[in-house]
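The first chain written gets the first letter, and so on, giving A, B, C and D; residue counts start at 1 in each chain.
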Amino acid sequence: MQVEDFRWKKGMNAGELGKAMGSIGFQGAELGRATENFVKMKKSGAKIFLTFTSNMATSGLRGFFAQLVELGMADFIVTTVGGIEEDIIKALGEKFSLGKFHPDDIQLHEQGVNRVGNIYIRNESYAKFEEFIQPLLHKMYEKKKQWSGTELMDELGKTVKDKNSFMHQAAKKKVPVFCPGITDGALGFQLFMFQQEHKDFIVDIVKDFETITFATSHDDKKGIIALGGGISKHFAIFTTLLNGGMDYAVYMTTSRETSGSASGATTDEGKSWGKVKDDSDAVTVVGDVTITFPIAMIPALEQLSKEKVI
Amino acid sequence: MQVEDFRWKKGMNAGELGKAMGSIGFQGAELGRATENFVKMKKSGAKIFLTFTSNMATSGLRGFFAQLVELGMADFIVTTVGGIEEDIIKALGEKFSLGKFHPDDIQLHEQGVNRVGNIYIRNESYAKFEEFIQPLLHKMYEKKKQWSGTELMDELGKTVKDKNSFMHQAAKKKVPVFCPGITDGALGFQLFMFQQEHKDFIVDIVKDFETITFATSHDDKKGIIALGGGISKHFAIFTTLLNGGMDYAVYMTTSRETSGSASGATTDEGKSWGKVKDDSDAVTVVGDVTITFPIAMIPALEQLSKEKVI
Amino acid sequence: MQVEDFRWKKGMNAGELGKAMGSIGFQGAELGRATENFVKMKKSGAKIFLTFTSNMATSGLRGFFAQLVELGMADFIVTTVGGIEEDIIKALGEKFSLGKFHPDDIQLHEQGVNRVGNIYIRNESYAKFEEFIQPLLHKMYEKKKQWSGTELMDELGKTVKDKNSFMHQAAKKKVPVFCPGITDGALGFQLFMFQQEHKDFIVDIVKDFETITFATSHDDKKGIIALGGGISKHFAIFTTLLNGGMDYAVYMTTSRETSGSASGATTDEGKSWGKVKDDSDAVTVVGDVTITFPIAMIPALEQLSKEKVI
Amino acid sequence: MQVEDFRWKKGMNAGELGKAMGSIGFQGAELGRATENFVKMKKSGAKIFLTFTSNMATSGLRGFFAQLVELGMADFIVTTVGGIEEDIIKALGEKFSLGKFHPDDIQLHEQGVNRVGNIYIRNESYAKFEEFIQPLLHKMYEKKKQWSGTELMDELGKTVKDKNSFMHQAAKKKVPVFCPGITDGALGFQLFMFQQEHKDFIVDIVKDFETITFATSHDDKKGIIALGGGISKHFAIFTTLLNGGMDYAVYMTTSRETSGSASGATTDEGKSWGKVKDDSDAVTVVGDVTITFPIAMIPALEQLSKEKVI
């Protein structure tokens, strides 16, 4: 395949742009490979694991994740608790604002504003989450005492109505949401508070391990779209390893492989473990996912839609 | 403070080198600030949270973590499950080897070798872990049915004898080890296997939230040494936020703040949340922790040792 | 401004996508600011400096640079010699191919293939450059003995006919091309070879300093689009500093500010020097330029075209 | 080679620390390989090219570079003009101060302070350079009209007396200093000013290409220590390619290979070009050079000194 000179065409569509990037070279070319991989993954009938870090749900990608669930582009979601909280918070009508990466953080703190990169969230938004969650936990407790993490996620998703909420769409489409570090955020605090009064209320996270592991079989084709690193990415690839590893893998991250972290680990490293199959279609794209993911996914959606796959 | 020209002195000691780096500028200067912060943190009597990602325990830093626990430089450890597994595996006598970042990963896979950056681990090493853990879970089950994560960690640590094992040293020194994503690795699989036969065996991770939150009070001075990002870092800073935030904070990471991730979040971002106090001593050092952490910590240890603090 | 949930619309155009990214947050938001900056820069009548590193001309961005010159979006180009060579090589009909980041480099070397990231260039392509340049230098020598770098660039550009060549378009549109490190590549070798036989042939690079410095005045509005770092970026901002600094600045780079390099230096650092005016519109976008630049520039082109500015 | 658990030993020396890092893994291991490479390079009698970006001379590494020249660890220096200016400025008695990465840059500008990462330089320091350079150019002009870049560097170095100045030490030890982008900074402005009055004053940079190319032969062993990227790194490896490429290569950088830049290009990429020989000893260490370079070089100096090589 050759490097092709890129030119803007007036009114060109986003799918065309994404495709053209595939011939520019460097990360543009890897992005083009990601697009192809998304198409193949879906057309092969693979079960798709969509994993992302909390900050991505804080960003406007949240609506895109919801849409992908709607479109059947994700069969399982794995994320961290912050992302779940912020999805719910927005579903409750709260808005986050765009700010700066280097503001006066002490002043923000005095104003009751919390910063996530260049996104600002008011204390009030978290208070809303608190008001929402306690009654829900009560209702759940009345039903039964012991819940798996995935069941808890499902309850959360069912309770909100917002087409841009991935939790809502996941509940609607029966897409399990896994959150392997379920206490690492405000939800953890709320669960702890609730447990103070209800000692027999248990969240059984070992159960989730079983659920995700048996969600696919050795015979299923499996694909992963891992956005960012951390526990979301690792949990999906580790548990799938037990079922023979991924047939399709797209990792999109800003982390480097040079420090040996799971976050920066490439699909090649995954092959040494069998997390990614030796003969898989696999690609690693380096860059900020708020930019790389839409531009890589849109041409795939255009093509799949044209071919009536989605 | 001025930039000072650096010169090698024959036989100079490591503490001297670390101190001198503090006047070179760029990350060297931030590293110098980290050293000062470590000293102040310890001398103030702060409760120290040492957090690190799994890959660091895979590396030879593991022995240094163990030593820091011995020396009283860590009151709490937060890490991910991979790091715990690999600490135990080494305590069982297994060795990891140094390899390359870009080997033939398919060949490695065929040889039963798993790659973590440029470190290679044989399948046999994980098999050893498996042999070790099942009898232990049986013994634990005989004692009681419901365990918190921290209690499980303590049992693991007590069972091995290796001065370079941070799990061993933590158990010995009664330093709690928190692992907020306890199922995200081989341990998760072992717990699941065990639970198949012992349905009433429960790991209660909400309990850990309580333990870490009540481990320190508003009145305690608190410090964090966060190596790498992810759930280990976030869990320590989030739970401490509930107690008024950190008085001392050193973040050492390769992640960038530009993507809004918790891993790349600076101590400044932490201030907007109150995770790091407005008037705290706080510093972020960018670089590979296998290099930056020893060189920043050693001058602190030399000074604290000279002043008979450790 | 608020974070907006992103959703794909079937057939959405690239301009729409770019605009939507501006409300996603993180680098997407910075990219949106870059788009606005491009529009303002052009509409204000600013003189625009487009700077890029050699590897970008190696990539398919070359055609886009050529198009931007055609459209009047660049009044001056600053780049390194490798980019000029590769632009000419492609104008001579050579093709580069898309490869891998981690091939067997020794094998590539044996096959006469040179790698630039994931782009492969055959030795023959450089041989073509050699055949092209020597006759040109002879013709130039017949005209005069002492040339400025910019004059040499102009001769190079005039000699090729390729609409996707930025050197061709620059010569056609009388856009000066500056190359402050003119000997750092094959051209340096060719100049040296020629000078062996023609001792009085001189390339006067101090003259270029004069040319770029007097190309704009204190009174002119000035803008910079700096893609990547290094000498191209620094030369444009340093020389413009002498004329009061930039009114508009967009830096797009993968470099970090943490190491104090000019490549990673942000527009904020530029303000301390007066390279970027205190009240300028300035933005730094972190990411691979093969992806970020088209997606940021296209919405600007769509808008400017609609408003008949270009 | 095995991963070894790292432990601090009270009073351990810096050489010991560096060696121990080599067994930690990740970049620590690559750093250990760099140390071995430095030793082999020197003991083989290779001609050593030391290249660095301007910001490193701004930092306190400047004194270390000077010392390495004194010790015979560098036969050629390649750098950018900013580094030369700042070395001279410090040799004239000016001091730079340590500041912050995110200060109020507009305020700094108003105070006449220029920022390079976390290093601050006062306007007065540059004024000193100006006062110094014009009389020197006059003296040079009286000697002859046409100078190569290297000759100009030599004159600069001879004029200052400061053991921590690499320019001073290079002049003293007859180590040529190459600056392929000689006009990209204050020196460019001073040359331009001088040329206004002295039209026949010429700096012939093509001559430097000849000098560096003939400085070593195919038969010489050649080594490179490339700190940071950009034109300094590329000029040394490109010109040496013409003589058969490097036998030893250590690249230390914060740049990533993923964007295809010369700055991030690894020693592997260098092999595809023949810039680095197929059977060379070559290593790339990722990290901030203010930290990685001293800690990698010191154990090499200790060993070479013990073996009486230096």
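Note that in this section a residue touches a chain if its C-beta (ideal position, glycine included) is under 8 Å from a C-beta of that chain, and two chains touch if they have at least 3 such contacts.
As the structure is a prediction and not an experimental result, all values here were calculated from the model.
Chemist: Quick check: more C-beta contact pairs in C-D or A-D?
Modeler: When A-D is set beside C-D, the one with more contacts is C-D.
Chemist: Would you mind working out whether chain B and chain C touch using mostly the same residue numbers, over half shared, or mostly different ones?
Modeler: Mostly same residues: over half of the interface numbers shared.
Chemist: Among the chains, which has its CA centre at the largest distance from chain C's?
Modeler: If we average the C-alpha coordinates per chain, B ends up farthest from chain C.
Chemist: What whole-Å value do you get for the distance between chain A and chain C if each is reduced to the mean of its CA atoms?
Modeler: So the centre of chain A lies 35 Å away from the centre of chain C.
Chemist: Just how far, in Å, is the C-alpha centre of chain D from the one of chain A?
Modeler: Centre separation, chain A to chain D: 44 Å.
Chemist: Which whole number of Å gives the spacing of the CA centres of chain C and chain D?
Modeler: 26
Chemist: Could you say which residues in chain B touch two or more other chains, in rising order?
Modeler: 25-27, 55, 58-59, 102, 117-119, 256, 258-260, 268, 286, 288, 290
Chemist: Which of the residues in chain B come into contact with chain C in the complex?
Modeler: Of all residues in chain B, those touching chain C are 25-27, 102, 256, 258-260, 286.
Chemist: Please give the residue numbers of chain C that touch chain A in the complex, ascending.
Modeler: 1-8, 10-17, 20-21, 23-31, 55, 58-64, 66-67, 90, 95-98, 102, 117-119, 164, 268, 286-288, 290-292, 294-295, 297-298, 301-302, 305
Chemist: State the interface residues of chain D toward chain C in the complex, per the touch definition above.
Modeler: 53-55, 58-59, 80, 82, 101-103, 105-106, 108-109, 113-119, 180-185, 188-189, 191-192, 195, 202-210, 213, 228-231, 234-235, 238-239, 242, 254-265, 268-274, 278, 288-290
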